[in-house]
Amino acid sequence: MRPGWLDRIWPLLPVLAALAFTSVLLLLFKASPVVAFSAMLEGAFGSSERILNVIAFWIPLLLCAAGLLITFQAGLWNIGIEGQIILGSIGATWVALSLELAAPLQITLEILAAMAGGALWAGIAGWLKTRGGVHEIFGGLALNNLAIILTNYLISGPWQPPEGGSFRGTVPFGEHALLPLFDGSRFSPLALILAGTAFSIVMIALRNSTWGLKLKALGRNSRSAFLLGVSSNREAVLAMMFCGALAGLGGAVRVLSWFDSLRQSISGGIGYLALLVVMLAAYRVLWVPFVAFFFSAVLNGAIVLQLRTQLHSSLGDILTGVMVLFVLLLGDPIRLRGLRRAKDDG
Amino acid sequence: AAPAAEPTEAPAAEEPAAEEPAAEPLTFGVVLVGPANDHGWSQAHAEGAQYVADNLGANLILFESLNPADKPEATLDGVVDDMISQGATLIITTSDEFEEDTATVAASHPDVIFINASGDDVHTGEAGPNLGNVMGRMEDMKAIAGCAAALTTQTGSIGYVGPLINFETRRLVASAYLGAKYCYENYRGLDPADLDFAVTWIGFWFNIPGVTLDPTEVVSNFIDTGSDVIMSGIDTTEAIDVVGQRFAADEVVHAVPYDFIGACETAPAACLGVPFFSWGPAYLALAQSVQDGTWVQSWDWNAANYNALGDPTQTDVGWVPGEGLSAEASASLDQFIAGLASGEINVWTGPINLQDGSEYIAAGATATDDEIWYLPQLPEGVEGPSE
Amino acid sequence: MDNGQLIAVLASILLQASPLIIAVCGETLTERAGIVNLSLDGTMLLSAMTGFVAAHLTDNLMLGFAAGAAVGAFFALIVAFSSIQLKQSQVATGFVLTLLGDSLSAFLGQEYTRLPGPSVPHFAIPILKDIPILGPIIFNQDGLVYFAILLIFATSWWLFRSRPGLELRSAGERPEAAFARGVNVRRLRYLYTVIGGALVGIAGAAYSLDVKIGWSEGHTRGLGWIALAIVIFGGWSPVRGAIGALLFGATKAAATVLQRAFPEVSVVAFNALPWLLMIGVLLLVSNKIVGRLLVNAPPALKRPLQRMLQVAPPAALGTELKNE
Amino acid sequence: MRVELQNIRKHFGEVRANDDISLIFEPGKIYGLLGENGAGKSTLMKILSGFQKPDGGKIILDGKARRFDSPADALAAGVGMLYQEPLDMPPFLVLENYLLGQRRGFAVNARQAAKDLRELGKKYGFDIQPEEHIRDLSLGERQQLELLRLLAGGAQLLILDEPTTGISTEQKVLLFDSMRKLAKDEGKTLILVSHKLDEVQDLCSQVFVLRKGKLVGEAKLPCPNELLVNLMFEKLPPRRERASREQKQVALELKDAVVATPRLELQPLNLTVYAGEVFGLAGLEGSGQEILLKACAGLLPIRSGSMQLGHQPLDQLDYHAARAGGISYMAAGRVEEGLVAGLTLTEHMALVDQEAGFFVDWAGSRARTKERVQHFQVVGTSESTVEQLSGGNQQRFLFAMLPSSLKLILLEHPTRGLDIRSTDWIWQQLDERRKDGTAILFISADLDEVVERSDRIAVFSGGRMSRVVDAAKTNAEELGHLIGGEQ
């Protein structure tokens, strides 16, 4: 069948369908979609602070999504990324609480510790898969919860604030330990630079590096890749650790700029969100930053939505989730045509 | 400040700069840590806020479930900024979780009054001029709850479902135990050494699946291992839910829920009563003072109004007895309450030893507010971790 | 803890594990047919919510379970459609549905948080309940538990003894061969994905209507993933799966008991037990480990060990039928 | 049953797999279907057996036109096909596998069914154990089961696609006997698809020959092989005589090497392979020869004893070290083990590029690919993905990827499923390699090939390696006996 105007506007379909779906939900709850969506719009772009917030939230999301591009290339479902973010923030916190150095050095060490933490957690998941034969989805999942539990142990035990145990989090870090922020917002230009660099590295690695090619082979057929000389286990673990390091960096951004201390469940689903981002981008590298930004805008918008309409802010998650689902279901006209053909010959 | 409270000497706070004329209605924001309909801690605050809105004609901006797990993208100052942009001049943050952030945000909005419920920044002097604390004296109500439990238990074993361990939760468990001990000894004439009072901490204020212990299972386990009265110290209602189920299956078990005045309704017959927070009066007083521009910084630790213990419009903390209470049990309980009211009973009277055996309150002495507020360890006789 | 208490604890473990057992049986059917329905966690949340709301509004338990089953079946249908018809990755669809089910349940259920609702009535089976030890543990429960136990044997009979079960397994083992033998692989996969999903839905409702009575946001979060892991641990066999579910229930109970036994240990430490267990058992049944074990095992032990430990997933699990 | 095919057409994109083919098969006879790789034999048979739908044309059984929606339909109509890789259920019991697809009853009456199966087996001289697992059976036994299943299903026309690769001589004899019996005594129609002319000569009364999807001729048998060959290939390059080996240095040496998998543990191995030598390994699948090959490749650890390549010990080597050390391993499955579906030829080339740095040298790789594709006569472009290549060309491309200088090449079934031309071509390449001292260790299920192509031969049975025999002084029969376990 010839690709006509239909195919050109097709990518919009899932987006429209998702908006329609959420509108119906809103009407069910006797809320006007117009009000709701404009509230979300305001919440995302209503003021410079808000825009800065969207950017600030976008950065860790982008970092995680970039890392996931690598693991997806290697055919790995790195659901453990949540825990990797958390271990990152734990790593950064550890340095922040235990060292007192000049800001540049302090921050460098914090970031390195964060990346190491994330890489460690991812490495465990990778090791469990390659050497232990535990699928990364389940290894990662268990590690996610263990990471949260570890945080709770730390902030209610060794790292609890002097005034006594609580789950509030650690004491706020000193100025020298925090990322320099763009006037009073939570947006740290440094973090943005780091994220941008990380993303371009990923892009190059996937396009032009031998490693990227190895991972591609690994993702398509690990057995053949192995026989063609790819150290399948090692590369798989490396891919995981690379992603973990970026996630860990994201975790550092969370504690060092978004918050000012380690809080419980600091990642709060950003990792899962990043998985959705990459899926909605259909694993196309260049789309990822834009989709990630869109997600960040939607979620930040949902906050104001709740303030204005008193509606549950999970509406934002629903919108993003449904969008990805519809991309899977209607995103690809070719498949749907295939479907029609399948129907034809019974 | 609120009735029956003793404001501690706070650093003399100069009046906040901006004041709007009392004419136009006050706009105030309330931030909850959990959902507004959790039948527990957060709902009690939500209804308190609503009470203010109704009685003062103030308009309320409510924000629920502000915690990183539910809303990674939300932060206290983001929410507060929006509330202020909507004209809020009073912001109430209703959890100890918000203590630090409230202090920070308060500093960046000097012309808005902030109240952090259950915090002690004012008491410790860390608070900026526009930040106050409020808390209800739940300790006495917990003592009543403990007494009701002790009066009812047949197996002599009481289970307490605790949230996470901190000063607040520790002193509440302690009060419950001391109340139970007093009544077990004085009204049932049994040896308090035989009273088995165990606490299990789930690890957070409410159940986070996979991360905390599941309160449902904790309660079942208590009942299975012989406890016949379950007290709840967590924000949500699992204790009364499970006990209600077991009760319906003809088991002899009772529960004492917590926080929310309506908590018994899940299973009235199995409920011995509920010690509840009623934030309405305190919030109303605060809002009033802010509106009139007469607000003075204070650390309010509001005691119960024993003349209206069950009336949420007249007391900040209270107790409503439940159907599960037997006739003579409630008779004794009323004596106990009367004793507390008149002050002739104080369960915090020594000798009180800590779990490690060290003496905390000497024989005959009674604990000071600070000794209660900053209780370092659970008292001797309570089974379960102290930190 | 005296014997009476031990029995009571065991009975509770069985009750707590019942919904898991139901979900595991459902997912086992689905995966045996060659489809991975990864959406369990979201499905159970949404069906727990719908089930409770339906029962709360109509005050009718059965309607509650029916609603839960319907939701489960519907989500499963989406998974089946996107993989069988559109040849999309089952993991991708399942994962999205996992998150979607979670947020949908939070949004739609917001007004029904922690309301009282009907709960499955306790029902002791007259004579059986008096059997020493077993009686009070197994037969002094409620309908849910009996259903779960029956389901274990029903599904494993269906899978391994009946002719339709044979076809079901063939669809998951080698769809091309099954097709060549006139098995309608596509239809079977649809059928068992939906049936499995419905069971998962019932499991979800079982939480909000019995085991964790009531609804609140994230009510069953995490349990769906546990169920998926147990399916693997169970080697795609209902009976072994049930054992896994009980084992898991026991560990959680242990976490509670241990905290009281060791007050000096930090309370959060024990919350880690179930997850460590999850990794542990998956390691135990993973072919890499077992393979190494078997190479070095004495010949006499090889066969029994193999039969006991080595679990192979349905060969065509997650793949699509390639005729033509 | 009289089977008539009229103007069968089937296209895959550009490829005309079947191009207007018309054929007639009479009852009671055994037909041969010949043709080079990709000629369209399997496609035609899959259409006849309902596994694929024709783009055009008619299938007429005993005068009735039929359309099959599935193989089950076809079987119901009396057409059954036996695939080279039997379509059975490895993890199932023999009995379950037999019952699957039989539409009767809800619960299974295992005892009765087992009895039926045994008797049916006896009838054709097959010894069947209903309680065994399929995966524990040899290829030949699995074939026999399939045959029984088809017969029980009421097949009147039986199609066998390359049935004799990988089964023992006894099993082959047994199979052919039963085929003759089916044709003569039961008047069934049989079609044998094969690349092995002597089998066809021995069994069939008539052959049809396909080329590039067209029917290009038929012949009554017996007739001279040349005739058939000329029908199959326009032109067949003359077979070059292979140089016999001269070098005497040791390439590979195993001393009391013990290798084991969870399934099978080999008796201690002692084996010497010389540089430039071709060493053939025969034996039924799963007898241990694959394990030996994997061990040499570093895919399985040597648990005791020693292994040497030239003079350096290789006891604890891992696969990648072995590759680096000049050992190449080619597994039997091509797209499964060796090629990555979805990657282009260029990407493959870049992947195996020895001196690749951090960045991929795309230009260089593309150039190298074009040059190799050219030289190895691979039908395909540098940008086509491997799954687009036909079996023969995939095999060629695997050879194209081999590093230039190697000490040892390990081959599993290097020519399985390939036609005479590709087979010859492959062995030419290997001969080239031998010239510069590369030793070649290969497994083949085709005993004639083993005898013809090797310098020396060892036979495996049940994890034991036989004495080493000199290819010049042996023949397929002797190997057959060794496979049977005799000394």
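Chains: A, B, C and D, in written order; residue numbering restarts at 1 for each.
Note that a residue touches a chain if its C-beta (ideal position, glycine included) is under 8 Å from a C-beta of that chain, and two chains touch if they have at least 3 such contacts.
Every value quoted in this text rests on a predicted model; they were computed, and no experiment measured them.
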Chain pair, C-D or A-C, that carries the greater number of C-beta contacts = A-C
Query = So how far apart, in whole Å, are chain C and chain D when each is placed at the average of its C-alpha atoms?
reply = 43
Note = So, in whole Å, the Cα centroid of chain A is separated from that of chain C by 29
Task = Starting from the mean Cα coordinates of chain A and chain B, work out the distance between those two points in Å.
result = 37
Query = From the C-alpha centre of chain B to that of chain D, how far is it in Å?
reply = 77
Query = Tell me, which residues of chain D touch at least two other chains?
reply = 53
Sequence positions of chain C contacting 2 or more other chains = 110, 222, 266, 268, 271, 275
Request  = Specify, in ascending order, the residues of chain B that touch 2 or more different other chains.
outcome  = 65, 70, 164-165, 203, 208, 210-211
Key: Chain-to-chain touches, reported pairwise for every pair that qualifies   = A-B, A-C, A-D, B-C, C-D
Message = Quick check on the complex: what are the chain C residues that touch chain B?
response = 1, 5, 8-9, 11-12, 15-16, 110-111, 113-114, 116, 119, 121-122, 142, 211-214, 216-223, 252-253, 255-257, 259-260, 263-268, 270-271, 274-275
Key: chain A partner contacts - residues on chain C that touch it in the complex   = 38, 78, 81-82, 85-88, 91-93, 95-97, 99-100, 102-104, 106-108, 110, 222, 225, 228-229, 232, 266, 268-269, 271-272, 275-276, 278-279, 282-283, 286-289
Key: Residues on chain B engaged by chain C in the complex (per definition of touch)   = 35, 37-40, 65, 70, 164-165, 198, 200-201, 203, 207-214, 216-218, 220-221, 223-226, 236-238, 241-242, 244-245, 248-250, 265-267, 355, 383-386
Key: Contact footprint of chain B on chain A as seen in their complex   = 49, 53, 57, 145, 148-149, 152, 156, 163-169, 171-172, 184, 186, 258-261, 263-270, 296, 299-300, 302-304, 306-307, 310, 313
Query = Taking the complex as given, what residues does chain A use to touch chain C?
reply = 25, 77, 79, 128, 131-135, 137-139, 141-143, 145-146, 149, 152-153, 156-157, 272, 275-276, 279, 311-312, 314-315, 317-318, 321-322, 324-325, 328-329, 332, 335-336, 338-339, 342
